[in-house]
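Each of the next two complexes has subunit A plus one more chain, namely subunit B in the first and subunit C in the second.
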Partner chain A sequence: MNTVNEKVNKTAEKGVDNRKVFAYRVGIRFIRSIAVAFWVTVIAFTLIRLAPGDPAQARLGAAAEPEAVEALRKQLGLDVNPLEQFFNFFRGLIKGDMGISLQFDREVTDIIFTALPVTLWLIGFSVLISIFVAIPIALFVATSNNVLIAYIFRSTTAISIALPNFFIALLGILIFSIRYNWAPLLGYTPSFPENLKYLWLPALVNATTLVAILSRVLYSSISDTLKEEFVETGVIRGIKRPRFFWFYILKPSLAPTVVLLSYIMGVMLGTTIIMESIFALPGIGTELITAVISRDYPTVQGITFIFGIIVVFFSFFGDLMAYWLDRRVKF
Partner chain B sequence: MSNSALVDIDSLQISVRLSRTRRLKIVDYASMKINPGEMIGLIGESGSGKTMLCRALIGTLRRRDAYISGGSVMFDGMDLATAKNDVWRQVRGKRIGYVPQSALAGPNPVLTIEAQLLESLGGDETLSRADAKKRAKELLDIVQIRRPDIVMKQYPNQLSGGMKQRVMIACAIALQPELIVADEPTTGLDVTVQAEIMKLLKEIRDQFNTAIILVSHDLPLINDVCDQITVMHAGATVENIASAEIEKSKHPYTIALYKSRIDLAPPRGELITIAGQPPAVGAWQTGCRFNQRCDFVTDACLIGEHPKYIELSATHQTACINHAGIEAKIGSSL
Partner chain C sequence: MSIKKFRRWLDEPGNSVIFTGFSMFVAIVLAGILVPLFYKYGPNDFVGMPFERPGGEFLFGTDQLGRDILSRTFHSVYRDLGVAFLGVSIPFVVGTFIGIILGLSKSKKIIAVISSVIDGINAFPLLILAVALIAFLGPGLGSVVIILALTNWARYARIARTKAVVVSQQNYIEAAYTLGYPRRRIIRKHVSPNVSSETIAYALSDFILVILLIAGLSFLGLAATPPTAEWGAMISEGRTYIINAPWITLFPGAALCWSAISLAFIVEGISRREGKV
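Moving on to the complex of A and B:
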């Protein structure tokens, strides 16, 4: 064969060890994720100490004797310099010990273990609802090719994004809790599936914004995909309906939405605090706010560390999933 | 000759829906005949309706909100202009293959090459999965892709543009169609790879006696590989001529296209261009649509409908009403 062909076919050889290359990339990403989590911890550790106020003083009150405050500082391990404090914290972290809350005399890990699942359930449930609603909507609007439907879609999603979550939450309570008594006003049970009884309304409220954002992004990706040449080849090949929708429309369009969703899920860790306080859910956001207010160093450090881990894990997983869906995505 | 034609497009009109009430005619009067095993080049400027004509042949006009508003597209005795979905299912992919416009966007990015070849072979229900896999590998051999086992497992983004287009050709010939519609198959490829792809298409024609419509705006390229050339301008076919006789063209547009060939220009000399712009799509003037740019325009060219084909010989039709006058004027200048 001629030289051009040889050159062209060389590209094929490069991809021989696909799996190895992929495993290598995953490994790199994993190490990088750990590094990010570490820096998040460092920043959280520093920032809370830069904030004015003293945990010992906060605990004993403004009228406390200076000697008593000093004694408590020593007891809490705050008398040594910050660098040493950090090493102490980090040493404990490796052993799985995040210290004791200055405020409640409880293990920080214990606080996280009871509060985090509430928030994760809420996020998971909201995301699940949004995915199941957003995908059909985006698919329908993008393929309908109808100006009026697209207009209604755009205006409704705009309204839904613009409306503040807490407003929708209050509306939800007014309708579903007070008028029809379908949802409990407040409270929580940690066991599944009883907890869904308490979670469905906050999750639904959370999902209203999420559905709007996700379906908009997905709608524009699908519209772009539909203009692509390969969709034409799918028609020529006579692909049957469900397969066509998945492999020729949805799968090539999903990657940006998946990446965005993984990012939003990380952000939601912090923003669900609004839902948690409106619906009186004992979630991690509530714990973090109380800890920050009372300068509860170990709790703030512990929770931000976990947040860092989770955010990094979410985006790692989102990128991995986007790559799995669509090989054009760089990983 | 017309009895044996595989494809007979006659006075085809294609319109596009702009809104609920507005329609725009984008192809008006396109006629073309393709014989079995014939390689025919379709050439014209952007917006001349080449791609739409191709879509009419593969039945994907509706996806672009376009439809056939007049004329007929006969394929082996069936009128594709009025064909329903069940007819298309029997024809599309099975008897008419398609090689898409852009090599880079042609293959589905989320499917492996193997999956796409198997999909293309899917129209043949008698083929078992194991046989289909074997056949898929044979197809890659036919389009001269080396190491087919490796390529089969790869995704399109791992292949070069030339390889992608080879894969698309493999998909198009999967079920041994009688006709392949290749809509600018070499757009975005290196010149050397372009030549390779053209050679490959020609080999496929010779090997399987497949008729091929090759769309391009590159006249020398088309002239090299095709038996017959059809020239489109402003939504109409203006001349159909055997490529060996291209120098005996009787249409001013074809002559102008031929003269503006880059390879005919002197080194570092001035390039010859066609004066003026093609008329805006659908906003066509009365008379011949080339009359604003034509050097040989007469009063008769300015009135009435766009001229229909005038049969000069079995392999030569021209839409220039003044073809005799042109010949007298340019004489042997070509």
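Moving on to the complex of A and C:
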């Protein structure tokens, strides 16, 4: 990493304009993403081979006929040597073919593309709620300069990060679905305005943790920004309030939050598994669990791969955003 | 330590929070030791009528099969916290070690390959990787420990590596080399104490995540499965009856929250002590 930064600094010294430095950095970051994506592929490929013994035998049970086991091995592509297996797997991925599900007669790609929108809606909605709640809270606490408020803020957020969200979800169901019937539990509809009726409660539960994490990071970076000299200059020059809040305080403080957010969106792919299973949402997490329980190897492999790739994409995009917000960020 | 000294210690910033968290944690661990030893009912004994309310003979009530919830809640402690402890300590040791080796290594090829493996593993959210691996290893608390050992080391390795690079450039390491100490001694006595202070801090917050992970997986029926007394599994069993018998879910849930919050307080107190606020 250091060498990269040195090179960038050298090019900057030579008087090359900012645009080229930016393109150079994005290029380096992109190559790193590709390398990680490669390892994601390798890990998703290795998963099925980690099973003790033969996966085909394990799925069919010890009493299965040898012909059936052999046929399944062939279907899973396990009948050739490992290197060729990886090559076939990789070639399949490029063509968008991840094999056929063992429990349903459907392509894995098809399963993923019908289920993924639900999950992305849920994550997007949770993140949106969290951002709109976390930014005002963090701004308020950081600018209030009050020790007691900061103390209460830190304690409550520490607690709400530690709370198990599936338990909160059950309490939420107890209150909002059963007592007041505000959040229907069954019959998800995928079209836009109606689906919010099903998504608001799981998104809110996700947000309890997310708001705490985001506002903590934002709070500490805003406090750091407030100590910078340009903020003082801004105050002295009498910059108008909204402009002051955005350009002088928020914009320079957002970079760490954005990087964290891109990482958290990946982590949330994990927690949404639990949310989807509690709220019976037909998302990708529910598909993963059904696939895991029925030992549907190609589907598990495909979904794991997609999750990994989405995370790589998020973190690439997050780093770009952070750089756009604050050119001092190194990546 | 005399009471006066202890009071003075408590007055330092953050220490009161650490103390609160630590006492909460000790309380639940003690309950987890004492209840299995001395309590009259076992976790899987059918001792009363189903759905008896809390209070009376059964302090926490009974579940849908007439098992004592108090006994089940505290029998879970060593399973939840014990498995979480294993699931944190193995990756902690392995990851710190690999991170130190990487941080001190001179070979660029090895660094490039291993750190991209680490990035690759870290690219997967822990829960996703755990769920996917359970498909191949089969459900059970043992699988969870194996999965954590296989995957979670990468996070420790990344932190340890970053810190080891910084430490290895310090003057005292150079001094140790100049004195002619063998590499192994330098790693053991000079580098690893400084690196592990960083990874221990992460391990504490990771402990919370792993406790929640184990309970979450059991809730999905992928780690501990009924009739095992385990918080996540108990919550999952009780959710069908949550309208009429909420206590079946509430007590294990409260115990889970209690342990996670106690650790969160310790982490919070430590970060206040270090003045990171």
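Here, the second predicted complex is superposed on the first by the 293 of 331 C-alpha atoms of A that agree within 3 Å, B and C clash if a C-alpha of one lies under 4 Å from a C-alpha of the other, contacts with A are read in each partner's own complex, and residues count from 1 in each chain.
The rule is simple: a residue touches a chain if its C-beta (ideal position, glycine included) is under 8 Å from a C-beta of that chain, and two chains touch if they have at least 3 such contacts.
Treat the numbers as computed from the prediction; the structure is a model and nothing was measured.
By the touch criterion defined above, A:304 lies against subunit C but remains apart from subunit B after alignment on the C-alpha atoms of chain A.
When both complexes are overlaid on chain A, the residue A:164 reaches subunit C alone and has no touch with subunit B.
Of the two partner chains placed by superposition, only subunit C is touched by A:48; subunit B is not. When the two structures are aligned on the shared chain, A:155 is found in touch with subunit C, with no touch to subunit B.
Within the superposed three-chain model, A:72 lies out of touch with both subunit B and subunit C [touch as defined at top]. Within the superposed three-chain model, A:270 lies in touch with subunit C and out of touch with subunit B [touch as defined at top]. More residues of subunit A lie in touch with C than with the remaining chain of the pair subunit B and subunit C. Of the two partner chains, neither subunit B nor subunit C is touched by A:203. Comparing which residues of subunit A touch subunit B with which touch subunit C, the overlap is empty.
Residues of subunit A touching subunit C in their complex: 32, 35-36, 38-40, 42-43, 47-48, 50-52, 55, 150, 154-155, 158-159, 161-164, 166-167, 170, 173-174, 178, 220, 266-271, 273-274, 277, 288-289, 291-293, 295-297, 300-301, 303-304, 307-308, 311-312, 315. Within the complex, the subunit B residues that touch subunit A are 58-60, 63, 65, 89, 92-93, 97-98, 100-102, 105-111, 119-120, 122-123, 144-147, 150-151, 153-155, 157-160, 162-163, 168, 171, 192-193, 196. Across the complex, subunit C meets subunit A through its residues 17, 116-117, 119-121, 123-129, 131-137, 208, 212, 215-216, 219-222, 232, 235, 239, 242-243, 246, 249, 253, 256-257, 260-261, 263-265, 267-268, 272, 276-277. Within the complex, the subunit A residues that touch subunit B are 1-2, 4-6, 8-9, 11-16, 18, 145, 228-239, 247-248, 251-252, 325-328.
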